[in-house]
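Next come two complexes, and both contain subunit A; in the first it sits with subunit B, in the second with subunit C.
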Partner chain A sequence: MIAVTGVKGGVGKSTYAVLLARRMKGKVVLCDCDVEAPNLHLLLGVSLRDPVDHMYYEYPEIDESKCLRCGECVKACRKNALFWTPGSVPKLFKEMCIGCGACKLRCPYGAITMKKEAVGDIFVSEVGNITLVTGRSDPRVPETGEMVEQVLEYARNIPHDVLILDTAAGAHCPVVSALREAEEVRVVTEPTPLGYHDLRVALKLLSKLGKRGKVVINKAGIGDEGPIYRIAEEFGAEVIEKVPYSREIIRKYSEGRL
Partner chain B sequence: MRVVVASGKGGVGKTLIASSIKKYYGVIGCDCDVDAPNMPIYLGIAEGEHEDLYLTEKARIDNSKCIKCGLCEKVCKFGAIKDFKVDPLRCEGCGACTLVCPVGAISMVKVKTGSAVVNREEKLVWGELEPGEHGSGLMVEELIRRASELGEDMVLDAPAGIGCPVNASIRNAHVVVAVVEPTPPSVHDFLRLVQVIDHFGLPWHLVINKWDLNPGVTEEIEEKWGDRLVGRVPYDPGILEALRSGVHPLDTDTPAAGALREILKELQLFE
Partner chain C sequence: MKVVVTASGPSPDSPVDPRFGRAPYFVLYDDGEYRVVENPASRAWGGAGIQAAQQVVSLGAKVVITGSVGPNAAQALRSAGIQVYMGTGTVREAVERYLRGELRRIL
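Right after this comes the complex of A and B.
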């Protein structure tokens, strides 16, 4: 399992993931873990139709006939997702709820059950020897870390010789979810001041996860690569590949036919 | 008034636009990308007052009290407890484990979520999330609170994506400047961003960056969203050149700088 990450957006994570998948032999499963902004299908020229499955979250549902309006569930919720005025049935603010079930555990009257709800779609497309698995969140649901785990689980269960994950930009929950299980992590960067800064963040995150990244320099030739080598060395990471800057790649990318 | 710059996809030019708005209007800048704060780099500002933020909690098991019953592990929905130990990167701080522990061995402790950096002179606020930590949305709320202490008018630079920290940025703004480039991924993610903006019911403007990468797609965007459009910026290697020599692109005489100045005039923000 190889994960492609990079913290900075637009650095070339998806482009590199596609190029990597294309040159692998055998059965390749490519998993788009950027559920907020999935793009791999656009680079491979396929459209997302007919989801094969969904991603689910659990939300509490309060049975009004059993609820004695004591407010205990509200006190148990550390995410402030339940709102209550004395004498009323608590009201749920879904966008704050992480589905932990603390309210259900606390309710003395068994009035709360956890109900599954679809919060996004999973799509599967076949492109040559590549099976693309894409997760796409419902834009109204901001918390996406758990969704990434679900789409990844789906991808892992498809028989494969190689599994390649493309992560979202950034270094918080949804990215951590994708990186945790990866055997190898390739960090894509670019030789610009922004690239240097964000490479450091990515390598810091990896060392926190107990992993050592391999660095890929994308858009090689547009700037000084010295700082990249210095930062990589600092974290004991190796620069393994350079993808030259190419107007041709950019043009093809902009036309959706990488 | 607060303006937020967002795009869905990363690397399309949010920080270029946001830092230009900050310079042109002389307003407060608040970088809401706590994973990769790039606004200070664009503006050549490295220093500020650092303050650690403790906004999140995690479970801690007291080994001397734990009777190894395993109830906590069973009840944790995030798989954060294994062999009576808490994995801090998985723990969401919900406290469900504390509710089932029969001997009160689990307590919730505040942890460092990240730090806020404030430069009062330059009117710039940014944050640095501890890599992999939860609470990026809470960090954004906290940064905006600090920026508000410096004054009312500000520009927020949202992170990539449409998740928690982007929500927190948009929720706290009054108007959105959306940035798109004429590539299928950027257009796709921009359409998803529009759904989030509409969810909060905010007015928004559109800037097309690197418009000449694919003039055909640019035309399609303009046809569909023409009434939102405030201008387009050409693809210009001069931006990177400026960045490398520590000059803001707006202070150069590159084609992109000229286009940016037109857009900033057209936007008529903070009036």
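Right after this comes the complex of A and C.
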């Protein structure tokens, strides 16, 4: 499993993931783990319709006959998703809830059960030898780390010779979820000050996860690559590839023919 | 009658903070006495309105004076039977106007 990440938005993660998938031999599964804003289908020129499965959240449901109105679940909630007034059954604000289940663990009376609810879709599209698996979350959900794990699980179960996953920008939960199981991580950067900065963030995150990234320089030729080599060396990472800044790539990208 | 006023500073002479959930302080007015408490929800990552409403409930107030409340806070405050009035000026001025019945009720 090869993960493509990079922290910085617009650095070329998706472009590189698609280019990598395109040149791989055998059965390639490409998984779009940016469930809040998936876009690999756009680069490959396919549209998402007819979901094959869903991604789920588990929401607490309080059994009023078992609830003793103690308020312990409200104190356990780190997301302020539960509200109560003494003497009443706590009320759930669903759009705040991330389904972590802390309330259920805390409830001394076993009054809370977790109920599964679909909060996103999984799509599968075939493009040449690539099977694209896309997760797309309901925009109302506050956190998507758990959902990334679900779409990745779906992708992993499709027979393949190589699995490539593309993470969201950033270094937060959904990115961590995508990287955790990856055997190889390629960090895409670009020769700009923001590129240098976010390369460092990405490599720092990887070292916390006990992984060493391989660095890919996108838009090669537009700036000084010296700092990229210095940062990579600092983290014991190797620069393995450069993608030139090319009009042709940009044109194909914009036309969905990458 | 306990009244909570959202405040931008830690005093009854501080201005009323127009935000409910994100106001740094709550001034509790109780029978002529003012007491300032911090609003921990002002630093919450999310759900500040709900957490702030929870704090109003635990302070035992039945009336809130602020600028405006968001949809989640409104739902929480309504379910707790708390009345919300719109106030401006300093906390003290807003309370005095409330006591004279001059503030507009928004919830």
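Assume the second predicted complex is superposed on the first by the 246 of 258 C-alpha atoms of A that agree within 3 Å, B and C clash if a C-alpha of one lies under 4 Å from a C-alpha of the other, contacts with A are read in each partner's own complex, and residues count from 1 in each chain.
We adopt the following convention: contacts are C-beta pairs under 8 Å (C-beta built on N, C-alpha and C of every residue); 3 or more make two chains touch, one makes a residue touch a chain.
It should be emphasised that the depicted structure is a prediction, and the values quoted were computed from it without experimental measurement.
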item: Which of subunit B and subunit C A:P139 touches, first, second, both or neither; value: first
item: Which of subunit B and subunit C A:D121 touches, first, second, both or neither; value: neither
item: Touching partner for A:D32 - first (subunit B), second (subunit C), both, neither; value: neither
item: First, second, both or neither for A:E225, with subunit B first and subunit C second; value: neither
item: Partner with the higher number of touched subunit A residues, subunit C or subunit B; value: B
item: Subunit B versus subunit C as contact partner of A:A81, first or second or both or neither; value: second
item: Subunit B versus subunit C as contact partner of A:D166, first or second or both or neither; value: neither
item: Touched partner set for A:V176, first subunit B, second subunit C, both or neither; value: first
item: Subunit B/subunit C common contact set on subunit A; value: 79, 95, 142
item: Sites on subunit A touched by subunit C in the complex; value: 74, 79-81, 83-86, 88, 91, 93, 95-96, 142
item: Complex interface listing, subunit A residues touching subunit B; value: 7-11, 14, 34, 36-37, 39, 42-43, 58, 76, 78-79, 95, 98-102, 105-106, 137, 139-140, 142-144, 146, 168-176, 180, 192-194, 197-198, 201, 204-205, 208-209, 222-224, 250-251, 253-256
item: Partner subunit A, residues of subunit C touching it in the complex; value: 41, 44, 46-48, 50-51, 53-54, 57, 72, 75-76, 79-81
item: Subunit A partner contacts - residues on subunit B that touch it in the complex; value: 8-12, 15, 33-36, 38, 41, 57, 75, 77-78, 89, 92-96, 99-100, 108, 129, 131-134, 136-137, 159-167, 181-185, 188-189, 192, 195-196, 199, 213-214, 217, 237, 240, 243-244
